[in-house]
Structure formats: C-alpha cells, structure tokens
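Structure below; questions to follow.
Letters A, B, C and D mark the chains as written, and numbering starts fresh at 1 in each.
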Amino acid sequence: MLYSDKVLEHFAAPHNVGELPDADGVGEVGNAKCGDIMKMYIKVDDGKISDVKFKTFGCGAAIATSSIATDMIKGASIEDALKLTNSAVVEALDGLPASKVHCSVLAEQAVKAALADYYRKQGVDPTPIVGEIGECEACHNL
Amino acid sequence: MLYSDKVLEHFAAPHNVGELPDADGVGEVGNAKCGDIMKMYIKVDDGKISDVKFKTFGCGAAIATSSIATDMIKGASIEDALKLTNSAVVEALDGLPASKVHCSVLAEQAVKAALADYYRKQGVDPTPIVGEIGECEACHNL
Amino acid sequence: MMKRFVYADNSATTKISDAVFNEMLPWLKEGYGNASSIYALGREAGFAVERARKQVADALGAQPSEIYFTGCGSESDNWAVKGAAHKLAAKGKKHIITTVFEHHAILHTCQALEKEGFEVTYLPVYENGIVRVQDVENAIREDTALVTIMYANNEIGTIQPISQIGALCREKNVWFHTDAVQAVGNVPIDVKEQNIDMLSLSGHKIHAPKGIGVLYMKKGIVIPNLIDGGGQERGRRAGTENVASIVALGKAIELACEDIPGRIAKVSPMRDKIIDALSKIPYSRVNGDRERRLNGNVNMSFIGAEGEALLLSLDLAGICASSGSACTTGSLDPSHVLLAIGLSHEVAHGSLRITINEDNDQADIDHIIQTVPQVVEKLRAMSPMWED
Amino acid sequence: MMKRFVYADNSATTKISDAVFNEMLPWLKEGYGNASSIYALGREAGFAVERARKQVADALGAQPSEIYFTGCGSESDNWAVKGAAHKLAAKGKKHIITTVFEHHAILHTCQALEKEGFEVTYLPVYENGIVRVQDVENAIREDTALVTIMYANNEIGTIQPISQIGALCREKNVWFHTDAVQAVGNVPIDVKEQNIDMLSLSGHKIHAPKGIGVLYMKKGIVIPNLIDGGGQERGRRAGTENVASIVALGKAIELACEDIPGRIAKVSPMRDKIIDALSKIPYSRVNGDRERRLNGNVNMSFIGAEGEALLLSLDLAGICASSGSACTTGSLDPSHVLLAIGLSHEVAHGSLRITINEDNDQADIDHIIQTVPQVVEKLRAMSPMWED
C-alpha cells in the first residue's frame, strides 16, 4: 500500500475534523459494510463556503481525502465547490493507490451531498444542480 | 556431485597408473559411448597378484575406483582378488554418489576380466571360476 | 517522550536474527559456487545445502531425503495441493477437503483447481476458529484425494487438531497436507508421529530471509513437479540452489525448534497481558480461541475504529501491526478469516492483529497497551457513527 | 608456484558484486518489513521493490507493470510456457515450437506438456548451434500457441536470431517467449523493438544472488498463475516479496546493461585468446558458431579426455569450469546441447565450458591457457584408448 507523503501527512493531522452544530448543509455517503463512511458539514455565507468540518469512518485514504477535500472547498464559492472532482482530490494528494481511488470518489460525493442538503434546505431541488449522487463503483463490486 | 575426500585423493594422485608390458592377464570393460573404459593389467606370482596397473578413460569416480581397486588386490591371493566386490570398493572410498556407483561395478568387473584373461592364458576356462562378466546396469539404461 | 519502535507484526515477517545472518553471509560473499558444480567451490556449497536439509529434517522428525527446498511458503502450498490433485485425478480422485480460513496460497489454489473440474469441500471453523475432526471425517469420500488443513491460522493464531486429523487421514488412506508456515517454532511438530504426509513452511517467518521455503514430502509420495528443469532437489524442484537462503533456513529452524516450551513460557504471558488490557476497551472482542492459539498472537476487533486507520495511527506511534494478513492489503474485502468465525463485515473491518515474539520485551508490551486505547478513542471520536 | 584461483564458470553462477551486495544489505538487516505492510517499515520495502521493478523495465525497454518477480529463472520459464499452453489450449491451440537445445527448464516443461496432450516441435540447431528462422516459419501452424526459443545457449553460448523470430511471430500472431537468462547484460535487449511477448531472466547470472528471477509479460498477455495466493505482484505471483534479492536484481541489471559494448570489447578478446590457444591441442574442436556467441563463452571438446575428469583436474589447479550445464551434473548422459550440434557421444563426453567475464584478467587467461593442455595430456596418457 504505497501512500504518498501527502496522504500520510493529512492522515496524521487531518484538517477540519469535527461537526458544525449550526451547519447549513450536511451530507453523508458510504456505508459501514464496505468500510467507509464520510459525513460533511458546511456553513454557507454569501454564496461562499465559510466553514466546513467532517467526520469519517474509514481507511487512511478516506481520512486523508476528507481532510484535503474540506481544505479545497473551504472559502470557495458554491460554484467552485460543485466543480470539485475526485481526480482533483487524488492529484492534490500526489496520487492514491489504485485500490484507494474510490475513497476520493467518496470525498467528492460527500461534498456534493452536503451541497445538495444545503439547496434542499433552501427549498431548491438539488438534483439539476448537483446531479444524482450514486454509490461509488467500488461499493457495488463488493 | 558430492565426492568424499578419499575419492578426490585417489583422483588427484591415482595409484598404479600405467601398463604392464609382460602382464599375465589383461582385462578391459566399459565402452566409450557411455563414457567409461577401464583396462587392468595383472602380474601373478605364486598365486598372488604381485603387480597391477590400470589405464582408465572416465570420470573422477572411474579413476578413483580404478586406483583403489588396484590397491586392494595388489599383493592379494587370486582367491581374495576374486572376492573383491563393488560395495567393498565403495566402502573403501567412503562412499560414492548414487549416480557413480556404476563406476565401482566397472572396477570390480575390470579385476574379474583381468583374472579371466589370466586363467584363459593358463588354458583354464574362466567362466566357472570368475563368472559371466556382463555389462554394468547403468550402461544398459543409456 | 522518546519515540519507541515496536515491531509487533511477526506473523507477517520476521527480522533475520544475527545468528542466522552470520551463518548465511559467507554463502552470499565468498561461497558463491553453484551447489551442483563439481569443483571445490561448488562442492562446499553442495555440502552446506545438505547440512541445512538435515537441520530441517531433524526439526520435523523427517528424513533429509524427504525435504525439498522451494522459493517460498506459497510455492510449497501450490506444489503440494496442485501436485496431489493432479496425481490422484488419474486415479479418479478429484475431491479435496480444506477449511474456509486457509491462507490464500491454499484457498486460491483450491479455487484454481475447482475451475479445472476438481471438487473442494471448505469446512467451517466455528466461532473459536478451530476445525472439528468429526467434520473432516464426515467430509471424506471414496474419491477424496487430499485433506489440506493449516496447522495454525495466520490471522487469529488458532491451532488446529493436526494429530487427530493426521491419524484419521492415515486410517482412511487419504493424503494429508498441512500449511505449517505459522506453526513451525511455536508448536512441536513430528511428521511421523502426527501422520503428516506433506508440510509447507517458510523461512521468513522464523528469522530466515524472505524467498525460501520447504515442502516436506513423505517417502513414497510422488507428485508432478511444479517447476520442471535441472536435476536440483533430486529432480523434483528445478532452479539453481539458493545456497545462502537454504543455509539460513537450516540454522533458523534449528534455533526456532530448540526450545519451543521456553518460547511459549516467555511469550504467551506477554500475549495474555495485551489481550487482558485491550479487552477493557469498550465494544472490543477477542477473535479466536483464547487457549489454543499461537503464543504470540493477539487478534481483536474494536467496533467503530477502521483497521487500516488503526494501523496507520499505530505506525505514527512507532508500532508495526497488521489487520488481516499483509498480503491482502490493497484489497477492499474484510478478512475472510474473521468472516469465517462469524464476524459481521462492520466488525471485521475494525480488527487488529498484534504478533509478538521472544524479541519483544515488557516495555514493548506496555507501549502497546498504552497506545492502542488512545488510538481507538481518537478514531472513534472522528467517526460519524460513534456516540459515547 | 603460488596456487592461483580462477573462476571461469560464470554461466553457472556469478559472484555477487560489491555494488549489488551493498545495495541489498540494508534490506536483509534493518529493512526487513513486509513490502505489503502498511507501516513505514513496510512502505519503504514496497518502494524499494518498485524502484527495482523500474530498473528491470528500463533495462529491457519494458514498462514496470510488465515485470513480475519470481523465485528463479526456471520458475519464469515454467510459468511462461505452462501458462501460455494452458491459456491457449482453451482456444484449441495445443502446439508449441521450441528448439532441441533449450535449457532443461524449457525442455522438461515441454515434455511435461506433451504428457498432458500438447504437441511440441523441437527445431534443429545445426552444426553452428543456431536455429533457422525459416524453420520456425515452416513449423508455425494454425494451432501453434507459443514459440519459445532461448536468446543465447547456456552451454555453447550461441546467440539466436531473436529479432527476426520476434517479427515473424508478431506477423503470424503467435506468442513468443525467450529464455534470456544467459543473454541479459551480454546482448542489447529491447522487448518492444524485438517483438518479445515474454522473457525470462535470472539474478544469479548477473551478479545478483541466487533465488530471484523475472518474467516479463507484455501488457495484454494474461496466463494462469503458476503460484496462486496473496495479492503480491498484482495478484499474479504469490509469496511475500523477497525484497533484498529484488533490490539486488534491480541494481545488478542496471549495472549489467549500462555498458554492454564495453563488456564485449573487453571480454571477447580474452575469449578468443583462449579459443585460439586451446585449438592448438591436437584432436580438439570448438563447439558452436565462433562469431555469434556470448562474449565470455568458450566451449571445446578434447577427444580422449573425459569431461568430469578434466574439471576435477582443473579444480586441482585452481580453475573452476564446467562441462555441460551445472544442473545436469550427476546425470550420466552427455550434454543434449552437444549432441544437438552433431557431436558423437564419445566426443561430447570430452567437453569443457569456460565462461569468463569482466572480472577475469589476462593472468587468469594465461593460467587457463597453460593448464588445460597439461591436463588434457595427463588424462590422455591415462586413457587405455589413446595412442600418441
């Protein structure tokens, strides 16, 4: 399991761990059976993600991707946050082992799920904006 | 190919190498195709083998068995020489690798062939005394 | 606090001991001759190989002529099982009996044979991780070629009733192979008394280097070669003899087997201390029989703490441990061994294997006992599913 | 005279070079982690394995993902040939083409496959020891699964027309494997340019330790595993990674391939000097093509001097050489390679292989040139068939 130094750094001291009691959007993806669950809390101010926290049950890569994904959207506009892709997450971590790429998918989905929840709370149907949040492929293969 | 020190000693400095121009008996066994030929010369005085020499084309074990077999019959009575077995030769050499036991058979046969020749020269039919000198088993398997 | 380094993954691999290293070194350097060569440099290598063969035979109660050196434990397993299957298929015997929790070197081999048309019975190992002799007996049929059951499990360390299974197989006239990779040096083994027909072992689990194994085959057992070629290993396993590693394995098994009761007396109290301490963590469980287990094996699950994250956190604290077997890292599946003893996927994901040996000391144990609860706590705090 | 030691059996095995030894040593000692383990000790081992994989790939013009580490050259040969045969048999292709003078790792594998019902064509190699491309072309059929032809012969050192055979197989859409155990480091190899689908090599022929090999498999070639088990080598070759030996092989192949023209320029004149000098011995002959041969290979026959006796006598004079291949010592049969190039049994029995490399110097060569004639003379004098 050849993790990059970046992955290990984020694992060792993950950023933005925790909950936001007054979150504007909360998303949870994954399931315990496959071994990874990510829950993301966002606070939105003026169309910007002013704060973000996460809680994750999962492997080293799941924790590292949660950490870096929250870094990447913190302070960003909602539009930019929506554009976050799993490959951007992988790249920011200097790569992930093949069997761990699904964790980055999970991180992307967690962000989307939190944004979808935010829209829903605003009374807006998130599906046209955020898209369908399916299960990750790796999950289906279990 | 795990040769004992004894085999290597006899190979390095074989005893009784050469020919006896006035031999009373000469025996040759083996064939070039299988890679081993032994020729043994004996001189007989008063029913004793007073001198013996050999020439051998063959592997290390063939040379070592020739050397020790000539040592073992030199000075012995014809009766004792006739009793020389290949296992006595193997034992005297502190053993031989399995694939080389046939060389000791060849040495036994060379002694018998020389004695048979001696009897023949004395006008005695050697077969009842020396027995049939067949080819070595290993040879047949080639 | 100075950072402590505690190696506690001895079932994954062991450090070469100094005694073993010193024994092998000359054969890596000056004694480089080919053991099949006829000149002195080669002959000496050849004798060294034969001395090692004798050491292995002595440790197992076997004859040197029954010992075959291979490239690893996995090769030994493959050779034994595929060889026996193909040999006995010719006599119409196409049924193999094994357990659900064998090492993958056996399981994947059995699955490959199933694709070829063999039938395999995978016996259960129950909650304690121990196969039942009665189940083996019930499974044996007219067309059973081979029973292959591991001596001790590599994840949960449970020791199987090998003597009874051996006796049963002898009585039923079925070949019996055991993967003893984890057992050698930890359990006294006598292949004759225990009626073992074939046995696999691996050097790197007993302080010899990686890349050397042994298959013991009882006299009279003849199976097709896995690796055909030169006349090495009496024509049954080709490849230039790995002299240095063979010498190392000979020395290592001699040392491993010279005082097994002493090792058990020293290591098992440390194991029990860890188990007792970590059992105090809420929502934890011990996996596998507490008594009939390897002297150095701790295997526990902590609900709400994912295994890999546990390991990486322990690594940060200087502790090397594992979760499942090292060779399945990279797979997303939870351990087949833990599922076999009845754990749910969720619980199996949160498991930790600590395997200590006589090189560990009390300070190591204390460091483990202090660190694991903190790490479990930290991960649970980070988990969205956990509520105190 | 001080006794001189001359190692001239480098085709049997080589001495580990200092550079290689120093590279591997840390992985035998402190870096003992399992390369599949997740903690730092394991990760570092994993990275070392991947660096070595890259070194091997670079030396062959391959991708790292096409390199698989095995336990020896024989294993690589067995895996490639048995794997391709079993894979393509499913498509009705049960014909294999090889030569009569392959290494036993190929020949005995082919014979084992014949027993399973495969058909094997053994091409002749003529008096010069070189297979003809036209013969390969003529032998290819609709149902041909694999062509396997060695790159350079281990006994007589003749180099085969691999590029042409590769091009032909690509054109005919037949898989092509080459046993390059003797060629690596002596001949520039580029698997892509030369259309090689699979290639075997072995560490101990290029100053790495014994017990480590490689099988290169072109992307897209998928064959059944020889050794099933854990997920190592991307699930295709089980067994805990032999990190130290893998690292050694990586370094060794890098060094072996960094200046092949330099090696040839240095070694082949020494080879020629030996051949020219020993050719003056009456009733001698050179075996194999004089030009298209490995830079360090001398193979000659001396009628009336039996091979093993020759070797033992040379050993007494401090010279390590061989007759036929080391791994067939112990067999009574004369070399199948020498018979293949038309020698009679009698002549084949009296053959000598001297394999030098860049570690040999002029003094070694002089010692060989002085000693061999004396030894041949001595043995002939002892032979009952020899008359001057």
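Everything below uses one rule, namely that a residue touches a chain if its C-beta (ideal position, glycine included) is under 8 Å from a C-beta of that chain, and two chains touch if they have at least 3 such contacts.
Heads up on the chains, UniProt names are A, B = Fe-S cluster assembly scaffold protein NifU.
Everything numeric here is computed off the predicted structure, so don't read it as measured data.
Comparing chain pairs B-C and B-D by the number of C-beta pairs in contact, the larger count belongs to B-D. Centre-to-centre separation of chain A and chain D, using mean CA positions: 53 Å. With centres defined as mean CA coordinates, chain D is found 40 Å away from chain B. Mean C-alpha position of chain A lies 88 Å from that of chain B.
Each of the following residues of chain B touches two or more other chains: 1, 60. Chain contacts: chain C has residues 36-38, 308, 312, 329-331 touching two or more partner chains. In summary, the structure contains touching chain pairs A-C, A-D, B-C, B-D, C-D.
Remark: chain C residues 7, 9, 12-16, 21, 28-29, 32-34, 36-42, 70-75, 77-78, 103-106, 108-109, 111-112, 202, 204, 209-212, 224-232, 238-245, 308, 311-312, 314-315, 319-322, 325-331 touch chain D in the complex.
Those residues of chain B that touch chain C in the shared complex are 1-3, 60. The touching residues of chain C, when paired with chain B in their complex, are 36-38, 43, 46-47, 50.
Here chain A touches chain C in the complex through residues 1, 8, 11-12, 14, 17, 28, 32-39, 55-60, 62-63, 97, 99, 102, 138, 142, going by the rule given at the top. Across the interface of their complex, chain B is touched by residues 304, 306-309, 312, 316, 329-334, 345-346, 349, 379, 382-386 of chain D.
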